[in-house]
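Here come two complexes built around subunit A, the first alongside subunit B, the second alongside subunit C.
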Partner chain A sequence: MTMPATDRRQFLKSAAMAAAAGAVLGETETSIALPVLGSEDSGIKWDKAPCRFCGTGCHVQVGVEDGRVVAIAGDQHADVNKGLLCVKGYHVGMILYGEDRLTKPLLRRGDGFVEISWDEAIDIAARRIMQSPDKFAIYGSGQWTIPEGYVAQKLMKGGLSNNHIDPNARLCMASAVTGFLATYGVDEPAGCYDDLDACDVVITWGNNPAEMHPVLFSRVMDRQSSGEKVMLIDISTRRTRTSEVADEYLEMLPHGDVAIALGIMHLLVERDQYDHEFVSRFCNFRAHESGKPTLKGEAISFEEYKSRLAMYTPDYVEQLSGVPAEKIRMLADLFADPDVKITSLWCMGMNQHTMGTAINTLVHGVHLLSGKFGVPGNSPTSLTGQPSACGTAREVGTLSHLLPGGRLVANDKHRADAERLWNLPEGRINPKIGFHTLKMFEEFTKEGGGVSTMWVQVTNPGQTLPNLNKLFEPKSELDDRFLIVSEVYPTATTQLADLVLPAAMWVEKNGIFGNSERRTQQWFRMVEPPGDARDDCWMTIAVAHRLMELGHPGMKDKDGVFIFHMEDENGNEVPIWEWEHYYDINVDRHLFDDYRRFSRMKHKDLAPYDEYVKTRGMRWPVVQQPDGSWRETRFRFSAFDDPYVKEGQPFEFYHSTSGDGRAQIWVHDYKSPPEMPDEDYPFWLNTGRVLEHWHTGTMTRRIPQLTRAMPSAYVELNPEDARELNVRDGEVVRVESRRGSTDLPVWTRGRGYPPRGQIFVPFFDETMLVNHVTLDEHDPFSKQPDFKKCAARVRKISA
Partner chain B sequence: MPISGLRVRFTDDGDAMDRGIAALEGDRRIDIGARRDDKLAIVLETQDADEDKAAWKWINALPEVRHVDVVFISLDQDDQTPSAAIGAEGVKP
Partner chain C sequence: MAYEETQPVTVANRAVTMSLATIIVLAVVGFIVGINQGVPRHDDQALFAEKTISAPTSTDVLPAAAYSEMRRSDAGRTRVYSIDELPRQQRDLFATVAIDLEARRASLATRSERRAFNGAPPIIPHTVEQLSNAQCMLCHGAGFAIEDSVARAASHPHYANCTQCHAPPGAPLFEPTLAVVNFFDGVDAPFEGERAWPGAPPTIPHSTWMRNNCNSCHGPEGWLGMESTHPWRTSCLQCHAPSATLDQHPAEARFLAPPRILQNSQ
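After this line comes the complex of A and B, so read on.
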């Protein structure tokens, strides 16, 4: 039923006032009724969903009328955002309605595409896979929902015995993963966003939350504006919006973070100001001693640790990092003060780093050494850039070396456990680690490479891979390679696709995400996808079923049953591979409850699906209580909150790599970046995001308000460098490296302010691909490339 | 016709909140709602996206206003979202 326009507007105004009043008074004291979830009294139906964009995990309420999203409100019931949204979040509903949504399966014919049916599309995809199942790869995403990632990885690892599956999280979070594993033996932060409400000091390590995680950042700003004393220290290579409001801005040279962390450790040890009790009871010391370094490293004594730190005096750290020695002392003083609670935040700055694993472990180490751990407010916390980088890419185990629940394909027992839970014949899962992202694309784009067919889901590697001229563009020259892309809009990746599958997005399908603080968040489908667009999860299941029909033995379990067999409540099989039956049951619920059995194997316990329907997410481990209720965990490894810590212990690192319940404090030597500015390429190039656009802009560039606010990419240049190059604001210059170039307008007084010798380019603009310029050097453990530093030059084009 | 629900935070400069509310009350497009401490709920209704943007800018620029948070927005069906440059050309049957 459609409401009269005036009534509809009045209702929307009431809803707007209710939302605003809730944000002022708090939800319990709002006298005006909030939009009622599920209510249709007004003609507008409201339901909850996490925002589609970043890893913060804000919740929105989505208003739907006549099958269309008509309003977005910040969700006051959500702990994460308490009703607030950022500029992207409150426009999130518009991502569904770009005029060029993909609505039909498309098959390449020469330089163009022809529309085909879904039956044809699924058959073509399956036959390509059948040609060489071992040369098939899936490249997925931290934007996959948990069920989507789960079916993709079960298809590959449990069905095709092929581990060539990797998510784009390899490009953004892999070093955080290896940092957590090397330090605690298990992935993901111990603390949570509550730390931001309790800390005295926030240190942002190469991180700009004011633009990239604005709602989270507003928690700190709100405390400051309420008169609370919260010190903000921003360590960065260029001034950003975060720097503008920081109490201390410490401008470092690229890779300076490694030296700074070592410098803090050096002073804590040298001045005997570290936390003796915490360290002696709960920590070991680690380093790479052998020629074959591993994530476990080798044990070293405190004396050895101390001697390795000895050279990192404040003066030497100043030389390496560019940060004045007195500021290194200031940081060490704060960490030495037992009355100060410190939360460290980081994201791509520390992860997209050729010493990514090292700097992650060093920042954890600074916190452990100073005992600033495990108490609300004291926490080393990595943030994620994608809505389910944690929930799907990491927890579901879609990385090429993982199985669900943080388990490993190379581990005999872990494979056997997975085979048992999936009812697979012994030996089905391949023990060999699959190709990581860079290797996968290298193999796909070189003559005779090990990948002949690739399926890209929910991501845009044609824009986000580093060194595109090496890792992506050569595909167009190789006729025997077949690229399948599931997408919602045309992108730089679909340009080279052979088969394009139109996908449903966000509230056009059921979904579950997991945010940066271990919070699992569920939502239901609210509107139909346009045209023939369909769920990614369905596509994977349909291809798996077609593979079974074509005779692939891996699509059946050891009893000969389809690996994605599902039954309704009466025990009848539901043909979920047929789209018209896909929503006969809640496939997400079936997949999630199947997957959650794995979650308990590494104390990442998830509650049953229906528990998440009732909440705005819960942070794992979620453990059932004697009364049958489910309790989330805010602070892991701390006895006061984590049910898995042994009784009588204040802390326990129960996945310790040393097997003794202790965390590892690492020491690594500083190393220079692999490529540095020289005479020919005199600038440091840094890349990243901007407030208005999310990642490759495929969604945000279709929102007029955001596009008007930030219409195109640019190169940020220091005004003095611009003067020396004789270029002005708005003038187009060529930014080039040894790998490629792109042309960009100059911006000297823009969002950020780079020091002399540095330039910054955002990567959201598909018409100006900065990843033609970037470097594909990567961290040796995480295999994550460094998008934050390489050598480049800037050339004036016009006369 | 966009409708926004906003939370306005005022500076702690004396009677800044009262002066700020007086300024907002003078604008017929704005409905004033609940207030607490330095925060005020308002609803803004404008004719189109450009006017909406200009109104937000005006509110933000008031000297008494410290910060504006958006907590609700209606989506206008007429405001069709555009296609991005490469994509629109890149994949067409």
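After this line comes the complex of A and C, so read on.
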């Protein structure tokens, strides 16, 4: 019959050993290795790595035996997760071993592909770019490691003088960025996960951490198990696992969050229960300019602020949000109570929102107005969905308008500064902001558009872009477009690719991520990638080197040296563009230590690479102490912890947009969503994730245990709506909007429970693409689309 | 003769069958009622929602009790059971336990079928209520067994967000959209701990991190071949030493330097 398990194991091991023969696996001996389970003399070698999946940034211990990952354990010494993981994390080692890993560079020939050599592949990519360097674009990712994002950033902005580089983080947390910038003048949360250990109340705003950030959710639940009193308030459009545990479940209408935040502000001001001292010393009031609104806005007086809030009475807010007026009062009472510590959590619900910037600033504003800020437990905390959305997208600045370290493409001084740090000739960096994600794909998929060649790295836009029928599918009709995709598995994106580059993933390469709480986390390569798969970072450097050989002047700095020139400790150049030599030195270390020079301007100081090797990550600003040690910062802008706050005051917002050390409390007017249910399309469609699958499921769906739990996408319907449509659980129905449709099985009493008139579809399933249905309307500042609401209908298919 | 001999056996059989049937019926009723008590339900799902029952127009027949009344009715035909009230297997703690190594092999094989590698949280072998964890603890809180079916107590009662780590099967109504083939080959569970000499208590061959209920696996309702021979002793770590290494306590054992032995000539 079948091969006995032990024989199979032996066979796999010897196969792996043969493959790994002679492998050089970098400098693992200096890292933190802790054996954790299995018999002690089993020969398993353990090493630390951050989990590959969400933005929480748990550390795992990876067990490697004979060149293969054989076990995963929660890292007990990691601050983030303290030994606990979620069901994805416990199985993360299995992402490497799906049957259909891509192992050869592939070039399109008609309907199929031919296998080509890496030399050919790099040459083809470089020649495409040379044809029209200004029509080349890179679409990257919050799953890029920091060095990967940094080389792509330098290739584009510092080499090709081309700013058409944007990450998928645009679809994910761009509104969080604009929210932070508008409020504090600098990106990323002031607080951290430690707030969850100290707060009395957690408010989840359109957020389901029980499934999406389970380890953080358990951090709160475990306090309850230990007998502590922590109140959980879930503001959501549908019942989820988070709602089931919550003390208060406040069901809101889509977009209702804006009204709720305004309603809380209204009551705090009307009842004169806001924190007078905090506001008068550390805050200003702000609103958009009447002409062309900007993120800076203009100053308004307290009276004006108050009068603009006047209409948002509890009754009116109830009308807009569906949340009862008494519950708005309950929320305001909590914020008014000086003895209650409140932490707010949010993620895609507030970010994927046509008023994304506005609602982000409003929730910050509620915390500032009530003084629920800057003390452990009092914090507005925005969570991220990807492991390095903060580290790579936001800090390295791989967005079309940014340069590393919070610098702006459109700012003359910032460009000059970047040119100096990169040793580039003056004027090399293009002052014009590049295409943001939606624009980039629009230009790539329309006749005569401004992008002819696109390189997609570490993400899957063929599944994640909104309104795919407009923004992705038309590519197949345009012969002059060339799509290069670096990937680990076949995806919806590689389906339309012209050149597929097989990539190494996670512990098959060195890497550095930055998580949601400003924590920078390093790991070493532990196993060999399969077949000819290679590091993304190497691919970018190899293409840059080929461009230099083909004569592109931008690939040299002002002294005529290759922009990715690296030397060994003897001062000899290492040809890292040749794969055989890529691991002769630690390229990540060179790139990171180069990049960290950018981190000071916005006080996001990073320590040298070698310091991160010794820890399970550190939260920036990481500042060197007189004794030479490096100290992380948990609470930014708070004097007791942040070394950059001026002495003698408890708080200082030292990047204030008003230049006076104060944060901005914004007011906005509630605006209805751009598309709302009507007679033809009577349902609100919401999309999102489930616990077992991450992002587009390309990794998690290859793990049998997870696919067993969540085999396919579905449409969540309220049972009453199902009855009215005459459809039953499991029956396949058509979900359609004005933009497209997809067929999905119905689930009425499943993972979530939507109220009548709302449906929910997870986006992980590449065979049921809900993004054929979604809307590409977006926030005016962040350019982030709203995946959480559009009008749709559900149709019975069978007679 | 034959008749007389078999008669009492048949009666006994019938009694066993009847009492088993009663247990099963009670279990099912108790389970359903218990679940409905413990799990918050959505409004339209409320099986026992408060409703006004209109008075019967005819007095010819007795009105059937509404479900909504039954649960609260003092004179109702059914009363509220919880799992705790179900009869439990009585075990003789002091009976001699012989460890069956073949059974241990079989147990380890079953155990490994439910996890990706030793140390991975086991998958859930039965369907679950998707939205809530409340009902997990009904069976896995104190542990629960009916005949051969055992719901083992959680080895880590502090961690109660069950589906965070344990993957349930999908709703039976969904067909997987792909057949997953994965070449991951995980580490196996250890077979036994080390003993200093025959008769010495074995050391613990696995991590005890985040687990504090040894009985979950080694108790009377634990895995065959892994059960404790002395279930009346409950302070396991008194005799069985855990491993600091396996529990991720990284400190290296060190001695002070040995005495420096001087040569006579010095």
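Methods note: the second predicted complex is superposed on the first by the 758 of 799 C-alpha atoms of A that agree within 3 Å, B and C clash if a C-alpha of one lies under 4 Å from a C-alpha of the other, contacts with A are read in each partner's own complex, and residues count from 1 in each chain.
The definition used in the following text is that contacts are C-beta pairs under 8 Å (C-beta built on N, C-alpha and C of every residue); 3 or more make two chains touch, one makes a residue touch a chain.
What you see is a predicted model; the values in this text were computed from it and never measured.
A.B. asks: Just subunit B (first), just subunit C (second), both, or neither: which does A:G93 touch?
C.D. replies: After superposition on chain A, A:G93 lies in contact with both partners, subunit B and subunit C.
A.B. asks: In the superposed arrangement, does A:A210 touch subunit B (first), subunit C (second), both or neither?
C.D. replies: The answer is second: A:A210 touches subunit C but not subunit B.
A.B. asks: Please indicate which partner A:L691 is in contact with in the superposed arrangement: first for subunit B, second for subunit C, both, or neither.
C.D. replies: In the superposed model, A:L691 contacts subunit C only, not subunit B.
A.B. asks: Looking at A:R631 after the superposition, I want to know if it touches subunit B, subunit C, both of them or none. Which is it: first, second, both, neither?
C.D. replies: Once the two structures are laid over each other on A, A:R631 reaches no partner at all.
A.B. asks: Which partner chains sit in contact with A:R702 here, subunit B, subunit C, both or neither? Use first/second/both/neither.
C.D. replies: Touch status of A:R702: both partners.
A.B. asks: Of the partners subunit B and subunit C, which touch A:S218 in the superposed model: first, second, both, neither?
C.D. replies: Both partners, subunit B and subunit C.
A.B. asks: After superposition on the shared chain, which partner residues are touched by A:H401: those of subunit B (first), subunit C (second), both, or neither?
C.D. replies: neither
A.B. asks: With the two structures laid over each other on chain A, which partner does A:A492 touch: subunit B (first), subunit C (second), both, or neither?
C.D. replies: So A:A492 only meets subunit B here.
A.B. asks: Taking the superposition on A as described, I'd like to know which of subunit B and subunit C A:L106 touches: first, second, both or neither.
C.D. replies: In the superposed model, A:L106 contacts subunit B only, not subunit C.
A.B. asks: Find the residues of subunit A that appear in the contact set with subunit B and again in the contact set with subunit C.
C.D. replies: Residues common to the subunit A contacts of subunit C and of subunit B are 9, 12-13, 63, 68-74, 83-85, 87, 90-91, 93-94, 97-100, 218, 221, 225-226, 701-705, 707-708, 767, listed in rising order.
A.B. asks: Quick check on the complex: what are the subunit A residues that touch subunit B?
C.D. replies: Against subunit B, subunit A makes touches at 9, 12-13, 15-25, 30-32, 63, 68-74, 83-85, 87, 90-91, 93-95, 97-100, 102, 104, 106, 112-115, 218, 221, 225-226, 489-492, 494-495, 497, 500, 697-698, 701-705, 707-708, 766-767.
A.B. asks: Give the list of subunit B residues in touch with subunit A in this complex.
C.D. replies: Touch residues, subunit B against subunit A: 1, 3-7, 9, 31, 33-43, 45, 49, 53, 66-67, 69-75, 77, 79-93.
A.B. asks: List the residues on subunit C that touch subunit A in their complex, please.
C.D. replies: Answer in residue numbers: 40, 42, 44-45, 109, 112, 116-121, 123, 130-134, 158-161, 163-171, 173-178, 180-188, 190, 205-207, 209-210, 243, 245-248, 250.
A.B. asks: Using the touch rule from the top, collect the residues of subunit A that touch subunit C in their complex.
C.D. replies: Residues 5, 8-9, 12-13, 34-40, 42, 44, 61, 63, 65, 68-77, 83-87, 90-91, 93-94, 96-100, 210, 214-215, 217-218, 221-222, 225-226, 239-241, 244-245, 691-692, 701-712, 714, 719-720, 729-730, 745, 747, 749-753, 765, 767-768.
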